[in-house]
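Listed below are the structures to be examined.
You will see two complexes here that share subunit A, one where it goes with subunit B and one where it goes with subunit C.
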Partner chain A sequence: MLRLVLTRLAYAVLVMIGVTFVVASLIKLIPGDPVDIMAAGNPGMTVEDMDKLRHELGLTRPILEQFFIYAKNAVLGDLGISIRQRVPAAGLIWERLPATAELAFWAILIALAVAIPIGIVTALKRDTAIDYAGTVVAVLGVSVPGFLLGILLILVFSVNLRWLPASGFRGSALASIPSAIASGDPSIFWNAFRYFILPSISLAFVLVAINARLVRSSMIEVLQQDYITFARAKGLPIRIIYLRHALRNALLPVLTVVGLQLGSLLSGTIVIETVFAWPGIGRLAVQAVHWRDYPLIQAVVLISALLFVFLNLVVDLLYRWIDPRAHHG
Partner chain B sequence: MANAHNLTPIDPADSLSVTLADPTAHPRQTAAAAFPVETAGTRIRQALLRSAKGMTGLALILLVLLVALLAPMIVPHDPAAQILEWRFAPPAWAAEGSVTNLLGGDNLGRDILTRVLLGARVSIAVALIVVSIASVVGSLLGAVAGYFGGVVDAVIMRLIDFQLAFPFLLLALIFMAILGPGFSTLVLALSFALWINFARVVRSETLRIRSLEFIDAAHSIGVSHSRIIMSHVLPNVLPAIIVIATLDIALVIIAEAALSFLGLGVQPPTPSWGLMISEGRDFLHDAPWMVLGPGIAVLLTSIGINLFGDFLRDIYDPRLQRL
Partner chain C sequence: MANPLLTVSNLSVEYPTRHGWLRAVNDVSLELAPGMALGVVGESGSGKSTLGQALMGLTGASQARVGGRITFDGQDITGLTNKAWRRIRGDRIAMVFQDPTSTLNPVLRIGDQIAEVFQWHRPDMPQTEVRRRTLGMLERVGIREAERRLRSYPHELSGGMRQRVVIACALALEPALLIADEPTTALDVTVQAQILDLMRDLIIERGTAMILISHDLDVIGDTCDAVAVMYAGRVVEFGATDDVLAAPQHPYTKGLLASRPRFGHNQAVAPIAGTVPDLRSIGTACAFQPRCAQAVDLCGREGPPLQGFVATDSAKVPHRVACHVVHQEPRS
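So, the complex of A and B:
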């Protein structure tokens, strides 16, 4: 197991170095360079100023050297200065990361909380009207673009019914739980959580569809196993068989897929955060591209990719730890 | 998202593969035997008639294709014409609506139906170009990787692993950042993001086919590597490629809409569904139909393609029932 962890870790580090290299070289690929962009917003800049700035920023050095400087600074937490906001890019990202992380957390929670029961019921009621309804949900789930769903939810729940806010963020809902419990006032939690509801449902919908189908097929497969027949023959209550014997094994494949879904979730937040004016890194990425703020684009891409590689590593190890069969597989 | 549609490799006992191993067959016949034109055609037609999913999907796809093809001839108005009285004109189903603007008018007084119909051309064009590029490049690289193995395989596979470190839309954003938003960047970015879907499946299929006898036979009579890949390997992987291509078309249509929605795809005034939804977002309260028209168009198109793609997948490998 230790050996496996180390190989995986080494591989992840290798990919991370590659990602950093690509990100550091990005600046070489754009037409012009960051100094040209700064100069465009600052007509007083002379050619000498520009050359000086290029030299200071290290843009005149060979690409490999630039990469090492970038990597060294990145390890030290310096991801460059945002051209537009004139503050460290790393700071901008740290400010926004918690909002994105919590949005993703609620989305996965909602996705699993809805998908698992749907998956179980559609597996047990196979080929009935309930199962067909599940199929319809699944087709809709993979077909509805997240941003469209988000806008339709705003139209219904914010514009027409006026139940939930159409956009914005009022602090972490998770962080408000302790004070809500301490003061016995659930409205403290609700005031923060209501802002999460529509964006996290928009993010979760496609995951509900995919996971519900996955739980269904995995459940159907598990229910045909001998040990289930044996448990039945033993006279165990059906509820215990379904929930304790079958579901546990049926959920294993879901775990791996949830890990892979983190990538689509990151893609999803780019769009959904823009729809709901959410102060997260997805929206920051879009803004950075619109502003042509290259240091910020580099920083966002680097952090997102590293985060994604890291999360996949964690899920992979977690899966092997939970499922002993994977050790030998 | 990009990863959601990957097929697992089918096993050699699969009905499709058993027909392959005929060493005496002429290359063309080999291809036909793998996916026999007549019998497969009949089989698909029969399955289609029995499948509500397949028929609905096909009907929706044909409808969208027809619209895209005939759009310039059937649009009721000029897509760019801005007519003051049509500003926020309600759609036909609303109380004050009229049949002049069936789906209503937008904030600039343009007819929404006209723009939705023309938007189909943009969506379909992007999807077809992207999927053609991604499937050709991806399949070739996948076949080369699987066929030659060794260093070539290792390099291509590491490239794929590495690319998987970037979430789909993030990858597209990088392209937009470097090349600036626009139609060609959009096509390039999405093709680049999608080729791995094809490469992975074609590689694993090629690995399986390579070990079959008819490849050895072709070798022994001196057929060249490139010829074996083109006429023996790829035709046998074609069904898998077709299934992925179909599902990826839906993926591209959604991605195009999403990127145009973010202002990073098709640029105004070209009518694009994503762009129209983005423009309508600011007027949700007063003119929700600005979002509904293009929204329903995206939805019906992607539902149609997903239904048909799943139907094809069910035929290709009945064990892989995603839906």
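So, the complex of A and C:
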């Protein structure tokens, strides 16, 4: 177990180095540097000023040298200063991360809460009208783009029905649960949570489609296994056979995929965060690119990659916990 | 038979296929006394496994059509609902399968897999008693360090140990009938004999009746009181194991015995010519007729009924055979 964690952490370092290097190189390929952008917004700047600024920002040094300086600082927790906002990039990200992380949490929760029952039912009612309806929903789910669904949801639930807010973020819903319980006032939770509903549904829709199909095919395969026949031969109730004997095995392949999905949600969902004006990593990334804010772009990508690697490690550990055979694998 | 535990009358099981219904089990009638061990022998596709499933009511999932009657312990169990079947399965009739590796659930501890039989059939049993009995069962089937093994997962055990666990699950509630479908086929030869001995000991000490399904006449000869030979879905010969093995009557049984490799005999193995026929193309003829050297005209026209013949009618288990040739021979 410890060995696995250490090996994976070593891999993580390699991944981080690779990611930093690729991002640093790519950014240099984009025409225009941050000084050009600043100059465009500041007509009084002379060419000498610009050169001086480039020198100060380290932009005149060789790419490789810039990279090594950056890597050294990154290890020490310094991901550079945002050129645009003049504050540490790492701080900007930590500010935005909770909003993105909690949105990802609700999206995955909704996706699983809907996908697992649909997957089970369509597997048990294979080749019936219910199963075909499930297929239609799945095709819709993967074909409707998230931004379109987001806008439709805003139109229906915010503009027409006026039930839910169209955009914005009013703090963590999860963090409000203790005070909601303590005060016995569910509206404390609701006031924060209602801002999560539309964006998390927009994110969850495609995941529901994918995961429901995955649960279905996995469940169908598991139900044909001998241990299911043996469970029936033991005279166990049907729900025990489905939930205890079949579902646990059927969810193993789903877990891997959900880990990857959570990883990509955590690195920020650019489109949905933009549609819902969500103050998360995704919008920060868009802004950083827009302002050629190199340190910030690098920091966003680096932290996203770090989260991704970390989540994969968590999934691997979870997998070992759920599937006893993996200990020896 | 005075008070048979199991009576199977004219059982047939048909599966839907693209070319119509396939009759995997055809007009099978059997009787089994309490505590008796019956072997069912036949090649793959002879219907022996389907027969076992039908006796457990486990053919339902595949939309099979089941005809005839099965009476168990005085109760007609042919058309039972799932709920009623559930009470019988695992409790009164239990089953052991061929491959213990795939029979046990890979993600559940073996202790829990045995204990759940108690939990769902004896809901009033206290947890401590469930645990005591589970442990006792594990010890009884010969698992050492049973206390520790309760928490093991199936992949941590050897094939033979896994089959012992499967047997423990099956016999936990002391069923009246155990159906064992090729219980040793997937095991190492050295382990096969141990598992067979264990099963024989357990059913004798509990008075459990057994139907042992196997393709191996030696296994059945060692374990069973009576044997039913199946061919193409029908029972073609039935009798006390000693009678059938010593004096096989049906040409197919003779062929089966001749095709066994015999240790210490320098004779070549004599395979039965031809292959098992397509079950859909048999029609009314004797299914073995195309492969039978002794076949007469009648064999191609109508299938022979399973009848006793005079020589052994006085025996405890009547020796019956389904063959025109045998019945036409002058009886002495």
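Criterion: the second predicted complex is superposed on the first by the 301 of 329 C-alpha atoms of A that agree within 3 Å, B and C clash if a C-alpha of one lies under 4 Å from a C-alpha of the other, contacts with A are read in each partner's own complex, and residues count from 1 in each chain.
Quick note on the criterion: a contact is a pair of C-beta atoms (placed from the backbone, for glycine too) under 8 Å apart; a residue touches a chain by one contact, two chains touch by 3 or more.
This is a predicted model, so every value here is computed, not measured.
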Simultaneous placement of subunit C and subunit B on subunit A, clash or fit: fit
Which of subunit B and subunit C A:Val19 touches, first, second, both or neither: first
Which partner, subunit B or subunit C, touches more subunit A residues: B
Partner chain in contact with A:Asn191 - subunit B first, subunit C second, else both or neither: neither
First, second, both or neither for A:Asn73, with subunit B first and subunit C second: neither
Contacts of A:Leu266 with subunit B and subunit C, given as first, second, both or neither: first
Touched partner set for A:Ala138, first subunit B, second subunit C, both or neither: first
First, second, both or neither for A:Thr256, with subunit B first and subunit C second: neither
Angle, in degrees and to the nearest 10, that opens at subunit A between the C-alpha centres of subunit B and subunit C: 80
Touching partner for A:Thr229 - first (subunit B), second (subunit C), both, neither: second
Lowest inter-chain C-alpha distance for subunit C and subunit B in the superposed arrangement, angstrom: 17
List of subunit B residues in touch with subunit A within their complex: 1-4, 161-162, 164-170, 173-174, 176-178, 250, 254, 257-258, 261-264, 274, 277, 280-281, 284-285, 288, 291, 295, 298-299, 302-303, 306-307, 310, 321-323
Contact footprint of subunit A on subunit C as seen in their complex: 56, 58, 82, 85-91, 94-95, 97, 99, 102-108, 116-117, 120-121, 153, 155-156, 166, 169-170
Parts of subunit A lying in touch with subunit C, wherever the complex brings them together: 225-227, 229-238, 240, 244-245, 248-249, 252, 322-325, 328
Residues of subunit A touching subunit B in the complex: 15, 18-19, 26, 29-30, 135, 138-140, 142-148, 151-152, 154-155, 159, 206, 210, 213, 217, 260, 263-264, 266-268, 270-271, 274-275, 285-286, 288-290, 292, 294, 297, 301, 304-305, 308-309
